[in-house]
Structures are given as structure tokens and as C-alpha cells.
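Common to both upcoming complexes is chain A, partnered first by chain B, then by chain C.
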Partner chain A sequence: MIDFLDKLDRRWIFLAMGLSVLIPILMKLQFPETATAQSQAVFEEIEKLKEGDPVLMAWDWDPASAGELEPMAKSFVLHCASKKLKMYFLAIYPLGNQMADNDIADVIKVDFPDLKYGEDYVNLGYKPGYEGVIKVIVNNLRELYPTDSRGTNLDQIPMCRNVNSVQDMKLIINVSSGYPGIKEWVQYASTPYKHKFKLVGGCTGVQASLMYPYIPQQLAGQLGAIKGAAEYESLVTEKYDPDSKREIYKEGRRRMGPQLIAHMLMIGLIILGNIVYFAQRSRGAA
Partner chain B sequence: MTTTPRPDTNQNLKTFEKRVWLAVILIIGIVLMTRFFTVKEMGRYYAVDTGSGLEAATAVDKEAGVAFVDVDRSIGIWISALMTIGIFSFLYKDNPYYKVCEALFIGISAAYWMVLSFWTTIIPNLFGKLFPTWTQSWAIPGLPTAHEHDWWLYFVPLILGIMLLMRLFPKYGWMARWPLAFIIGTTAGLRLIGFLEADFWGQIINTINSFPSYASMIEAVNEGNYSELFKLSNAIIVVVSILACLVYFFFSIEHKGAVAKVARLGIFVLMVTFGAGFGFTVMGRIALLAIRLEFLIYDWLALDIVGG
Partner chain C sequence: MKRTIPLMITAVGGILLIVATFIPATKDWGEKATIWFDILAGIAFILGGVNLLMIHLSKVSDRKKGWAYSLITLLSFLTMLFAGLFKIGSPPAPDQEFYGESFAPLTISQLPDSATFTIPGEIPATITDHIELPASVRTQMTVADGTITFRGWMRPNQLNDLIDFSDNLKWRATMEALAEKAKPQVTLTGSLDWYSDHRALSYGGVMTPEDRTSLEQMGSDAPWKSAIDQLDKLTNKKISLNVKPEDVPPAFINGDKPATVAYESSGQLTATGDMTTGTRDTLKSVFPVVRPMTPEQQQAYWQSLVDAGEKPLDDDARQTFIGILDTLWTKQQLVDIINAAGIAKPGTKSWTQLYEEQQAGVADLNPEIPAGESVTLNDAQLQAIDAYIAAPQQRISQLVINLKAAGTLTGGQQAAMTKYLSSQPTSGRLGRDLTQTLMDKNVSLDQAQLELLLGPYRSEMVWARIVERLFIASHVVKYPYSGEYNATGTPFWWMYEYIMQPLMATVFALLAFYVASAAFRAFRVKNVEASLLLGTAFIILLGRTFAGVWLTSWIDPAGPFSGFRIENMTVWIMSVINTAGNRAIFIGIALGIISTSVKVLLGVDRSYLGSDD
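Take a look at the complex of A and B:
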């Protein structure tokens, strides 16, 4: 048995992992989510804001990370739109602009048709330049963003007339899938200007553990990957959309079903791998 | 004792494997074709015309008969599904189908990045600053037409940009070193400041601030609240862990005796950190797999077993 496991083709493990994700998706397995301190902190930071407060929505992610980040991005938009905050979308990630447009189309245009572009929300678009963009716009937004993503002059957009820099925002919400992303917003925005505004965000699992040292002084709260997204989603929908039948507000929780089964398989495989390793080692010693 | 298979046995195995795969692909193809013609939702994107554009159709729209098949998006679904399967095929082994998908992805990404950077930076932030009226007339109608104060400074990035492109001409390639030196210098300086402020100085402050004050602890304990003690124990663990990790990476003293024990604790802390990072990464990767499978099952195959 030990020899069989030792020589097992890794493709059987790929197949097992695929099935452990596929079957819960087909069965639509879903479990209730209880918010942990981090998700609660993110929720509370947005809750503290008053109607009309300006919020920068830094959408630094792309379709490659949609599995983890899309549910939290939609929940952020739902939360801000429900509270009638002024949303300023921008991106320093190439496809962030399109992701913002998607969320605007899926959430604001469908569930908040009264909100008007240019008065309640605006998409400033993408700018390349990595952290250099953040460094400039914290002091002068118009230096890099003379127009919005549609090419309209910022002075012609009512909600942009009194906004000169990121320092005019009450809160920055960042959804991040890598570099440049949440770490750069901490380094070049929330750390040097910590008395001006706060930063909350959500990021991929790869980044999540690296961001904990910044909490809470430099980063008021973070949603770590799909687990954080599912918790935050349950907090937002419980308060602002309890009877919703829209599937887009359940994506985070729905994706936690495959997580449970796949993690159980992964733990089992780690234990099995260790048993095989130690059995082989003791055989070698004997 | 192990035996090496004879070359003709290997050849037979490969031929057999090819036949099996051909059969599997044929069966999948037949199932897909049958499903495509029998299930009207499979591989089709239904849309409704709202007057201001096309939107995804809901079940109500379909029942009302106002939804129609959006051919462009339906083709997109098929391309996306076939590309996803192509990338997954690498899990079995490297193959030409995977290579095509990979090459397409890289090529499209590079081209997209180039075009996007041109229209979001070169046009509004360089030409728009140097020649605002001209740029506004043909590219971005909303662009301000007045020159900014010190607008001529933008000739510097224009000249540096042209010098960078000289890499394409071997004879003048040396000219690209100047803008490269500028890029490396400014990036290094920018990142140094960011790391010093947020990661070095900021982290020292955060670690010290994580300790509760003596007065708040005494007051809380007197009220029967032990959360401040919990905070204190957390802060002590953080400080001890940081010091242990720093000792592990301090190689000027030989790791012997007490230093070795502290360094070992440092390794333990690092292992816990790597474990947490690995756990998060696994969670992320599973979520990515889940969204691709959801796409294949619901958006492409329109397969809903349990309903709802």
C-alpha cells in the first residue's frame, strides 16, 4: 500500500481535487458564514460614513482573480450604493477599469437606477505607472486624471469639481489582486496620510497573510480572499438586501462549499503524504 | 529488481494512449453536439435590448419572449470554454492544444497592455499636456485645451521616451541607457521611501503601540474585563516572534547555545507564517478553479442538476 501511494501518479490527485470542487458546485453546497473581526472591521468602517461622503474605489484586479475578488467587489459596491456614498472608481491595474464598469452595470444600474453617473458615481479609469500613480494622485488627482474613463473633463463632472486629490476622500476601498495593489496603497497613501483618510480592502489569498502586520494602524480592515468575501457579503446582504434573489450577492458564500470539501481533501492528502514519507524513512533506517 | 520496458512496448503504449484519447474526445464531441441541439440554453448567451444597449436576459425575459441569442457573446462563451479546457489539459501533460492557448493568452495580453498604455498615458498625459488643442481635436474631446503652468517640462519625458525606443536600433542602443538609469533611479528612490516609512518605521510604531497601557490594564482588570491582558499577551508574542526571527537571520554570531535556541524559535515562527501563507494560497487557488468550473457548468453547458 505504501509503495502504491509512493508511486501514485500525481494526475490522480489532480482528478480528486477537480472532483472535490466540481461535485459541491453541481450540488450547490452552501454553509452559513459568521463574520470574523476583520470582516466586521471593514463593514464598520463603511458603516461609519454618512450619506454623500466621498469614497475612492480602487479596483486593482482583473478576471484572473475574479474567483476570489468579484464577490467582495460587488458587495463593496452594494454597501456603498445602499449608503448613498459618492463613489470614485479608478484603477492602477490594466483591467481594473473594465472590472469597475462590470460592477457598475451589475449592481448600480440594476439595483440603484436612481443613482446618476457623474453625480453619485464616476469611473476615472486606468492609469499605468504602478505606485507612481498613487504617489501623484494623493496630492494632485488632475495631474494624471484630467478626464474620466469616457474622456469627459473632470471639471464638467459635478461630483469631481471639488475633488483635487485623494486627500479629499473619507475612505479608500481597495480590491487588489497583486502588484500594484493594497500594499502600495498602504505604503504611499494610508501611511503618509493616516490622519486624512482610512484604507480598507480585500485581496487575494496570496497577499492576505502579508497584509496582517499593517492592521489596524495602516490598514483599518481587510477581507482575506474568498472567506473574507463570503463573511462580508453575509454582513452586507443581511442589513441591506435581506430578501434578494439575485445570485450575484450570494457568490462568495456559494464558493465556500467547494472550499470546505477541497480543504478536507487537501488536509487528508497532507496527512497521507506524511505517513508515506515517515514509513519510507523508517524502512530506509531499518 | 526493475525491468526497463522494451522500445516497441513503449511505442504500443503511446499508440494505445492516442487511440483512447481520440475515443474520449470523439465521445465528448458527440455529447456536446447532441446537447447543443437538444438544450436550447447550452453555449448561448441570451440578451435583451434595453434601448440603451444589450443586457443579459433574465428568466422572466426568456419567458416573455423578448430575449434573443446574442451571437457575438455566444461565440465568446465557446472560445472561453475551449480555452479553459485547453489550459486544463496541461494537467494531463504538455500538448499542442495547451501551447496554442498559452501563446494566444500571452499575445493578446501584451497587445492589450500596449494599446491601453498608449491611450491612457501617451495620449492624455503626454500629448494632452504638450499639444492640448490638437489632442482635444482628434482624440479626447473632454481634455482641457489650455496649457498648464511649466507645460514645456513634458518635453523631458518625450525625449527620454524616444531615447528608450532607440534600443530597437543597435547602432543607437546606447541612448536607451539614460532613460533606463532614470527609471531605475526614480523607482529605487520611490520604493525606498515607501518601505522605510510603511514597513520599517511604521512597523516599529505598530509593534510598540500594540501594548496596552499599564493604567488601562489595571482599570480593566478591576472591572473584571480581561481583554487588555489578552492584548498584552498578543503583543508579547508578536515582540518575541519578531526578535526570534531577527536572530535567525543574524549571521554575524555563530548559532550556538542560547542564540541557537532563539534562532530555532525563529524558524518555528517562520514555519507558522509559511503555513498561514500556504493555507491562504490554497484557498485562493481553489476559488479560481471553482469560478472556471462554474463557468463551464452554468454558462457553457447550462447544466443545473439540483435547480434553484
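Take a look at the complex of A and C:
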């Protein structure tokens, strides 16, 4: 048995991982989520805002991270749209612009048809330059964003007329999948201007542990991967969309089912691997 | 020299950014340097594209191993570049097309003198010299020698921008007076405009011979006359569609038609000039809204559905059906909405009135005008509403005429009533909603019943498509490349949505399989450090799922041992141990960056130039 496990073809492990993700999805396995302090902090920070307050939605992620970040991005938009905040989308990640467009189409246009482009939300689009973009727009938005992503002059967009820099925002919400992302927003926006606005965000599991040193002074709260997304999603839907039939607002919690089984499989594999290791070591010693 | 210039750029750029960070007076320098960095980063994308082409072209031409993959990369790159750059299949941007208006090129200098308006006035002293006039009027307005000059005709948004420019009451009153002057003559108001951003004279609707004469009298220069000629042709251009007579709703044939759309019994639907979105919407909404139903009418409608089919329908289906009909609008709702809109509200004085009051010595300026008398519907008007409910084919416009004939109807009341009634379902939409609800309740309807419910909706949709086709055909595209490169339905969007997005997500998802395999093969408890790592990994893996909560749910969350609940241990590990470790690493990295930066800025470390130094 030990020899069998030692020489186990890795394709069996791939199959087990595939099934551990597939079966919970097919069975629609879901578990209750209790919000942790971080998710609660993110929720509260948005809750503090008043109707019409400007919020910068920095969408720095791409389809590769959609598994972890898409549900939280949609929940952020749902939360802000429900509170009638002015949403300014932008991206310093090449495909962030498309992700913002997707969320606008899936959430705002479907569930908030009364919100008008240019008056309630605007997509400023993507700009290359990594953290350089943040450094400029915190002082002067128009230097790099003279137009929105459709090419309309900011002066012709009602909600942009009185916005000169990121400092005019009440809050920055960043969804980040890597570099440039949440760390850069902390270093170049919220740290030098922490008295002007707050920063909250959501990021991939890999980034989440790196962001803890910035909490809470430079980063008011963060959602770590799909777990954070599921918790935050529960908070938002409980308050603003309790009877929703739309699956997109349950996606974070739905993805926690596969995560649980996959994590259990990982723990099982690690234990099994160590049993093989100790068995062979004792056999070698004998 | 080849090395000196990059070294100099690095040193100057780096030192500038350091100086700008620590000396507030030099903040602008740092901003400018960062903008240059952003421009270079943009150029780097172009260089990256060229590099990708060179590498893969050479690989394909040399038939190196894996050249087929290079070929796929090249083809994908070029296809997306081509589709995105040339906006293949991208419709023009709706906000740049000015539907219903025709454009003729005309620069500001070619506007006739009669389109120049002056008024005495100056920019308020509180506005500093370096502040420019609002962007929307910058090219049309000049202020010099105590005179304000405006070329063209002022639009409401321009007036609002000018009012917002300064809170000085005299300035605001002056701008209001200027806006009053800077209007086309009455017969052309609402039709004639000039757009500075587009350098174009615009005309909305159809230009009549009288309008043309009025325009010709405004100026005699050749460019002006040429622009009028072009607009005359464009606004009188006729576009016809052949439509099946059975697709044209009787409500359109027998009702009031927009002046710019005509229908001939031979089956030709003709639009004159560029159709406005308002005309399009009016055409689409020719179908009358369903009137409130009495219980007898509801029963009759239900019976017609039962009789149309061969299958019996149970009482639950009837309850559902009648329940939907009960949600139709009522006479009382309509009356309440009209009366609510008739409640008088306080008005607002104009800036000119306020300025005059200020000049007259009024100390406390009150911008509010007291509310007048409220208007409610009288008995004759209520009877007009009854008549509207009793006549299913009567149009909303006819109801407005009848209400005005029977008593007072304010503009606000008319708008509120029209908005309310327009949002009510037509027989087609009601049939669709009934079908949807019955199907949601698993009520089985046969073909004849579906036809009864959905037939009117199909007719409405066919007509809506005809109107949309006519709307597009009548429009002269002004900016064909103004649309978004990734608009829904374009080839670029399709490739992104159905190729790039799934591929990226798939490649990233492979990580889970390799992590699982690596955990089984390599995560061994060989020493104390590995044991600590393993224990931490287990806690985090469990704590990030419901399993962690469930396993230690027996520990009282408010008790002294609540810290041993797995979800709390996870938080503690992340916020204490992880944070401490990360901070130490960050400080180390920061020190490393400082030392490396100093070496780079001073030219000691030149490795980034590809040097071996």
C-alpha cells in the first residue's frame, strides 16, 4: 500500500482535485458565512458614506483572478449602487477596464436602470504607468484622464466637473489581483493622504497576507480572496438585496463549497504524503 | 554616450522624485517627471508588441521547435490588434451621433455677424487671471474692454457652466441676460445650433422653405450659404422602407403620426430627415395601454383563454391570471398622480431679479417665489378620464386634449400623467407577463392559448424592429469611429469574451492541480520548522472554510477559550504572526531598495543597462 501511494500517478491527484471542485458545484453545496472583523470593517467603511459621496472604484484585476475576485467586485458595485454613491471606475491593470464594464453591465444596468452614466457612475478606463498613474492622479486626475474610457471630455461629464484629483474622493475601493494593485494604492495614495480619504479593498489569497501590516491605518479593511468575498456578500445582500433571485449575488458563497472540499482534500493529501514518508523512513531505519 | 544618456536620465529622474517628495514647493516637478514615466510606460507597450512580432516571426521563419505556437500567437495578436485598432463592427457612440440633427461643417469664423452677441460686463475681480472660462464656452466667448462677446447660440448647459463659474450676483445676472440675447430667432429656436467641439452648424427636424429664408437672411457669406444648402438637403432627405401592410399597427395608421414619418397604403414607410429618438419612441409606443378591468372583463379574458385551448386550466391558474390583472393601474391612482403633480410648489427667482433686488437695497435676498394655487382635476376632467378608460383605442395625446378642454392642466400634470400612463403595459406586454407568470407556476398552455396571449406581443416587437430599422436608415452617421472598440457584439468583444477570458481563467485554475500534487509529494514534516509550518497551514486551510467553524463550534465564542476556535486562531495567525513577519521583511526590503537606489542613481550599479559592472 505504501509503495502504491509512493508511486501514485499524479493524474489520480488531479482527478481527485477535479472531482472535489466539480461535485460541490453540481450539488450546489453552500455553507453559512459569519463575517469576520475584516469583512465587517470593509462593509462599515462603505456604510458610513452618504448618498452622492464620490467613490473611486479601482478595478485592477483580470479574468485569471475572476474565480477569487469577481464575486466581491460585484458585491462592491451592488453595495455602492444601493447606497447611491457616485462611482468612478478606473484601472491601472490592463484588463481592469473590461472587468469594470462587465460589472457595470451585470449589476448597474440590470438592477439599477435608473442610474445614469456620467451622473451616477463613470468608467475612466485603463492607463498604463503602474504606480506612476496613482502618483499623478492623487494630485491631478485630468493630467492622465482628460477623458473617460469612451473618449468624452471630463468637463462634459456632470459627475466629473468638480473632481480634480483622487483627493476629492471619500473612499477608494480597490479590487486587486497583483502588481500594480492594492499595495501600490496603499503606498502612493492612502499613506500620503490618509486624512483625505480611506482605502478598502479586496485581493487574491496570495496578496492578502502581505497586506495585514497596513491595516487599519493605511488600509481600513480588506477582503481576502473568496472567503472574504463570501462574508462581505452575505453582509451586503442581507441588508440591500435579501430576496434576490439573482445568482450573481450568491456566487461568493456558492464558491465556498468547492473551496471547503478542496481544502479538505489538500489536508488529506498532506497527511497521506507524510504517512508514506514516515513509513519509508521507519522501513529504511529497520 | 550610449550609456551616459540613460545614466543621466535615471539619475536626474530619481533625484527629482526624491526632492519632490521631501520639498513641497517642488511637488509639480515630481508630477511632471511621473507623467513622463507614464508616457514611456505607454510607449513600452508598443515596443513590447514590436518585440513580440520580431521574436515569433523569426521563430516561424526558422521553423524552430514550437514554431506553430508562435504562429498562433502572431495570428491572435494581429487579429486582436486589427479588430481593436480599427474598431471592426463597432457601432458609433450614441452620445456623439446627435440623432435627429443634421450637421454641416462651419468654423467659428464662418458664423455670420448676426450670430455674434455682446453685452457690457467683466469677469468678477474674485476670479484670478490664470483661471480659464468654462471649457464648454471657451472657444465661443471672449471678455475684453468691458464687453462680453459670445459667438453662436448659448445652450442651457453652457449657461449653467457660466453661472457656476462665479457666485458673483452681477456676473450671474449678466450671463442670464447674455443667454437671453444669444438665441436664434423664435422660428428657429430648438432647431438651429452650432457646436464648437464639432465645428458644425446643426439643424434638428425638417427645414421648411420659410426656415431656409430666415437662415439666408442671417448671413450672405459663401460658407454660411453652403452650410444652409447642405442642411436643407440633409433635413429633407427621404428614406423609405417596404413593410408588409399587416405589420403596420392600425393605431399608427388611424392615429396622429409624427410630422416627419408617412405611410402609404402600398406598403412604404417614409421618414424625412434624421429621425429623433423622441420620434422613434413615439412611433414604437403607438399601441394603446391596457385599461383597468372590471371583474366581468377579467372573467371574460380568462374565459377566452380557456376556450382557446383544448386543455382545461385549473383554479390555481385562474387565481394567478386574475391576480396579474388585479395589478393593472386604476382610475384613482391616475387621478392621485395628476392631483399630486398639480400641488403648487415655490418657484425660484432669476439671477436678474435677485441682482435688481440687491441694487434696490434689499438686505436679505430671498430666492424663493411663494407657491401659487394648486390645481386639481374637476368633475368634467374626471369624466374625461372615465371616457378614456372606456375607449381602449384612445391615445394619451387625445386624453390630454380632452383634459385641457375640460379645465386646467399644468405642464407638470401633463408630464406626470403621460409618464405614468406610458409606463403601463400594452396588451402585448400584458400577454407576455401573463404567459411568463403562468409558465413560472408550471401551468401548461397549448399552442392556441400561447397564440392568444403572445400574438399581440409579437406584433409589437415586429413593429418595434421596423421603427428601429427606419431610425437607423434615416440617420447620417457623423463619427463612424466614435464607438467603443470592445462594444458588445464586435469581433474584439467576441474574442475577448469567448477566447481570452476563458483561456486566462483556465490557465490560472491549473494552479490548484499542481498545488495539490506538490502538497502530496513535498510537504514533509522533516524538522521542527516544517512541523510549525504544517500546523499553521492546517489551521489556515480549515479556518478559511466552514469546516473550521464547525470543528470548534463546541467552544463558547464568548468564553475564555474562544481564541482556540479555528476561525479565531486563523485571524490571530494572520494579524499577529504574519504581520510581524511581513513587517520585518518589508523593513529589510525598504533598506535594500534604498541602498540599491543610491547605487543606481550614482551610477555605481549599471546592471539595468545590461552592463557587467
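Throughout what follows, the second predicted complex is superposed on the first by the 286 of 286 C-alpha atoms of A that agree within 3 Å, B and C clash if a C-alpha of one lies under 4 Å from a C-alpha of the other, contacts with A are read in each partner's own complex, and residues count from 1 in each chain.
Following the convention adopted for this analysis, a residue touches a chain if its C-beta (ideal position, glycine included) is under 8 Å from a C-beta of that chain, and two chains touch if they have at least 3 such contacts.
Bear in mind the structure is a predicted one, so any value in this text is a computation, not a measurement.
Of the two partner chains, neither chain B nor chain C is touched by A:Ala279. Of the two partner chains, neither chain B nor chain C is touched by A:Leu115.
Of the two partner chains placed around the shared chain by superposition, chain B is the only one that A:Thr147 touches, whereas chain C remains out of contact. Contacts of A:Gln218 after superposition on the shared chain: chain B is touched, whereas chain C is not.
In the superposition on chain A, contact of A:Val186 is made with chain B only, not with chain C. Residue contacts after overlaying the shared chain place A:Val21 against chain B and chain C alike.
Within the superposed three-chain model, A:Gln259 lies in touch with chain B and with chain C [touch as defined at top].
Counting contacts by the rule stated earlier, residues 14, 17-18, 21, 64-67, 105, 127-129, 132, 135, 144, 150-153, 155-156, 205, 208-210, 213, 225, 227, 259, 262-263, 266 of chain A appear in both its interface with chain B and its interface with chain C.
Chain A makes touch with chain B in their complex at residues 11, 14, 17-18, 21-22, 25-28, 64-68, 70, 94, 105, 125-129, 131-132, 135, 144, 146-148, 150-153, 155-156, 184, 186-188, 191-192, 204-206, 208-210, 213-214, 217-218, 224-227, 255, 258-259, 262-263, 266. Within the complex formed with chain A, the chain C residues making contact are 27, 30-31, 34-35, 37-38, 41-42, 44-45, 93, 95, 134-136, 197, 482, 484, 486, 488, 496, 500-502, 504-505, 507-509, 512-513, 515-517, 519-525, 534, 537-538, 541-542, 544-547, 549, 567, 571, 574-575, 578-579, 582-583, 586.
On the chain A side of its complex with chain C, the touching residues are 8, 10, 13-14, 16-18, 21, 31-34, 36-37, 62-67, 98, 101, 105, 127-130, 132-133, 135-136, 139-140, 143-144, 149-153, 155-156, 205, 208-210, 212-213, 215, 225, 227, 256, 259-260, 262-267, 269-270, 272-274, 277.
For chain B in complex with chain A, the residues that touch the partner chain are 55, 91-92, 112-113, 116-117, 120-121, 124-125, 128, 140-144, 186, 190-191, 194-195, 197-199, 202-203, 205-206, 209, 273, 276-277, 280-294, 297, 303, 305-306, 308.
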